[in-house]
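Labels A, B, C and D are assigned to the chains in the order they are written; within every chain, residues are numbered from 1.
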Amino acid sequence: MDFQAYNKIFICKDEIKNITVKDAVIGYEFKIKYPSYRGTFLSCIEALSFQVDGVEIPKEDVYFCLNNKQFLLDELKDCFKEYWFVRDKATIQVRKAGGISSGKHTVNAFLKHRVPYTGYFGEYLVLDSNVTETLVAE
Amino acid sequence: MDFQAYNKIFICKDEIKNITVKDAVIGYEFKIKYPSYRGTFLSCIEALSFQVDGVEIPKEDVYFCLNNKQFLLDELKDCFKEYWFVRDKATIQVRKAGGISSGKHTVNAFLKHRVPYTGYFGEYLVLDSNVTETLVAE
Amino acid sequence: MSDIKFGITLYSFSTEYIHEKLDLEGVLRKARDMGYKGVEIIPAQMAPEYPYLSDEWINELKGLLDKYELEPICWSAYIDMGIRSDRDLTEEEIIQYTVNDMIYAKKAGFQMVRTQHAISPAIFRKMIPYCKQLDMKLTIEMHHPHHPEVEVWKEYFEIMKGEGKGYLGYVIDFSIYQTMPHQLYLNQALEFGCRPDKLEEIIALHQKKEDTSLKIAAAEQGDFNEIEKHTALEMFGKFSAPAKISQIKDTIDCCFYIHGKFYYLDNDDHDPCIPFEELMKELRDLGYKGYIASEYEGHHFDYTVDSEEQLRHFIALNTKLLEA
Amino acid sequence: MSDIKFGITLYSFSTEYIHEKLDLEGVLRKARDMGYKGVEIIPAQMAPEYPYLSDEWINELKGLLDKYELEPICWSAYIDMGIRSDRDLTEEEIIQYTVNDMIYAKKAGFQMVRTQHAISPAIFRKMIPYCKQLDMKLTIEMHHPHHPEVEVWKEYFEIMKGEGKGYLGYVIDFSIYQTMPHQLYLNQALEFGCRPDKLEEIIALHQKKEDTSLKIAAAEQGDFNEIEKHTALEMFGKFSAPAKISQIKDTIDCCFYIHGKFYYLDNDDHDPCIPFEELMKELRDLGYKGYIASEYEGHHFDYTVDSEEQLRHFIALNTKLLEA
């Protein structure tokens, strides 16, 4: 049950923001950090999913933004050259015409991640982080 | 025989430099640019190899450095998120204890690259660039 | 007199740009100095942050367009189907790239994105809500070796004329009307080892009014070296089936923009490769009202040619034709 | 009196670092303020540019070490064998990461890199020329669940005592001597659903001097809920085979550095989990001359514990033991 204390940093307390392009509101975004004491490579993310107000966000509507790049969730497992520094916030953009209503929202984030140096006897430690927070949309 | 004029920018005219760490000379480096009118993704590099003074450099001694990252030649084909801007120089580091002697050296670079938008009727155009230049080591 | 305006794609300055004689500001200044009002940009060429563009970079571009009083006309996007070594792009990925381009283009002040035929009719159709939400036009370029007879274009035109009307369209690239190899291509063929007399022979063969299969047989059996054979086959393959100018009228209502493609113009009067005379007449007669971008592409073949001189020939030739 | 010095790995401040209460300069200042002279850093934790570090960042680190008069002792590298989803790292890749770490460490003024056992004996041996060229020591950490009886370590010791003598060595991590779960682990077990009386029962079972298989059988058949069973099995699995302190003497000549690992210290006097009393006596008697890094690791379990207080207990306890 190692590493569980790091879940405290997983979902950042920042406001949820709507994403606008000129007059159009095309979605919203919030931030997460990698729940560990050190950084990882995106390829070590074996699963990542989100629920907002109890509703699962379809994976094709989620863009994971880090290091000035944008990743589809299905791409993460292949990005072995992309490092997620433990103090860097990744922005989770959700594509949704009209965005999100202002006020409180429940955000759940689920992460399954491989700890890449733990191949002690041939198998890697895979950890789950499952965290729910109440965030405020602007 | 499209694209051949771009070969003129492939090997940069910059000096070859020795790489030193404190007192140790651990190798040398020179620079190349992507021979096209636009940038590409490293995953579109199907082959890349170098000869210096007529001798092929073993691939494990070559590090391709771009975007503040370092790639082994065998890794390039998997790096579909790594963009090589057409005006950015990649640094080719060659690991060689003692470095390179000062003076003129012949550098040959061979690149086989896929043009990713040319899947006109299901197959991609794959181009070769094979260029030799005389460079000067400091 | 016509409503046709000549714009420029910054791609015409590829030689100057990649050899670092002109930077982004330099090509925009040059376009303004040459008298152009409307410009097209290829972000995959000139945006260092491509394919994910920050608001900072977009604002920098916008600032330069303002500074040189240039109208942003067309944002040229790619469908880089072959990015990955292991598979083609998925639908999700194509949508991501395309919607991103529409967003960046909108932010930079453009009203049109040009994409490529590989988007597929299914995904093209799925872009309609994004076009409406962002109030953006999305167009597919018809570039050689495509032409109106290629099966998928029937579907595209149906979508453009149907549910995508006003938002989805296409861009004609004059490469589809090319009938002859251009001078830079011929120079390169000589440089690569074609003998001058043999090249003449191949050109004569190409111009013969007979079936391409007969020409190919003649090239294969003739007294030609390898590079000559390669040149002959490439020439017959590329320039034997130009699109019909008479077909433009069928889809002119979907044509939002035109690439005035050219490779080498020796003078202000005539190009032996692309039938500008008939093209300008037809477009004017059909009442085409949009921009024709000057698209110089000789940089693929020869980096010593002066792009500006080429562009001046293009404008002189075609202005004369339009005013005729 | 002994030649043993206490250093600190900055990893001890993980809680403060990841919660952004202390940045890199902050943890270095804190280490200096607490009286430490020598430090270890984990670049995978504190270098934003990891794994490819620029001279700018390295010089920034070097400047901070100078500013706070801290000696750079150990650069802790990883063998991230499982980075890729499709396969383990190749030999070429492991060499690249390891040589890079040695180069960066050298530039930053360190004389020792700590790596991990997954490097393999073959690659470890191949590092000797790089160690000589750069005049750097390379060490492998022996961390739970490894211990001197693990087969591969016989080979490692042979290399360290043979051709790698003076350059290749190892780092003892006190986790290999742990016999009991620490208080934070037990607190977490309660929080996750173990009943207090059942947890006591499991601890009593763990401490029984009988074969582990019998304990496991007892846990599986006992009146325990799922989390209690999991806790019992994990406890028996992890803490039933501590390494023998009497073996340290066999390889003390290869031990270049020590991780004074601890998880929770309630006071300055004793830890029920790790036998510091015997360890300090043995190391002193064997004449160990290097650093013991204070390595607080309770941050894996509880982010509310004050790392500084824990480190003060560690130093007080072990200084007392060394001076005894």
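In this text, a residue touches a chain if its C-beta (ideal position, glycine included) is under 8 Å from a C-beta of that chain, and two chains touch if they have at least 3 such contacts.
Since the model is a prediction, treat every value here as computed from it, not as a measurement.
S.K.: Tell me which chains count as touching both chain A and chain D.
M.R.: A chain counts here if it touches both chain A and chain D, which gives B.
S.K.: By that same contact rule, can you tell me which chains touch chain A and chain B alike?
M.R.: Shared contacts of chain A and chain B: C, D.
S.K.: If every chain is reduced to the average of its C-alpha atoms, which one ends up farthest from chain B?
M.R.: Greatest centre separation from chain B goes to chain D.
S.K.: Hey, which pair has more contacts between C-betas, B-D or B-C?
M.R.: Higher C-beta contact count between the two pairs: B-C.
S.K.: Averaging only over C-alpha atoms, locate the centres of chain A and chain C and give their separation in whole Å.
M.R.: Distance between chain centres, rounded to whole Å: 40 Å.
S.K.: On a C-alpha centroid basis, what's the spacing between chain B and chain C, in Å?
M.R.: The mean C-alpha positions of chain B and chain C differ by 29 Å.
S.K.: Go ahead and note the Å separation of the Cα centroids belonging to chain C and chain D.
M.R.: Their C-alpha centroids are separated by 61 Å.
S.K.: Where in chain A do residues touch two or more of the other chains?
M.R.: Only 69, 75, 78, 80 qualify.
S.K.: Would you identify the shape of the chain contact graph, picking one of line, ring, star, complete or other?
M.R.: The chain contacts form none of line, ring, star or complete graph.
S.K.: Every pair of chains that touch: which are they?
M.R.: Those chain pairs which touch are A-B, A-C, A-D, B-C, B-D.
S.K.: Within their complex, state which residues of chain B touch chain A.
M.R.: Contact set of chain B toward chain A: 69, 71, 75, 78-82.
S.K.: Write out the stretch or stretches of chain D touching chain B in their complex.
M.R.: Residue list for chain D touching chain B: 49, 52, 54, 90, 92-93, 95-96, 99-100, 103, 106-107, 129, 133-135.
S.K.: Sort out for me which residues of chain C touch chain B in the complex.
M.R.: On the chain C side, the touching residues are 11, 14-15, 17-20, 42, 44-45, 48, 50-51, 78-85, 88, 116, 118, 145-146, 185, 188-189, 192, 234, 299-303.
S.K.: State the interface residues of chain B toward chain C in the complex, per the touch definition above.
M.R.: Within the complex, chain B touches chain C at residues 1-6, 8-9, 33, 36-39, 41, 43-44, 46, 77-78, 80, 83, 85-88, 114-121, 124.
S.K.: Spell out the part of chain A that touches chain C in their complex, as residue ranges.
M.R.: Residues in contact with chain C: 21-22, 24, 26, 60, 63, 68-70, 72, 74-75, 95, 97.
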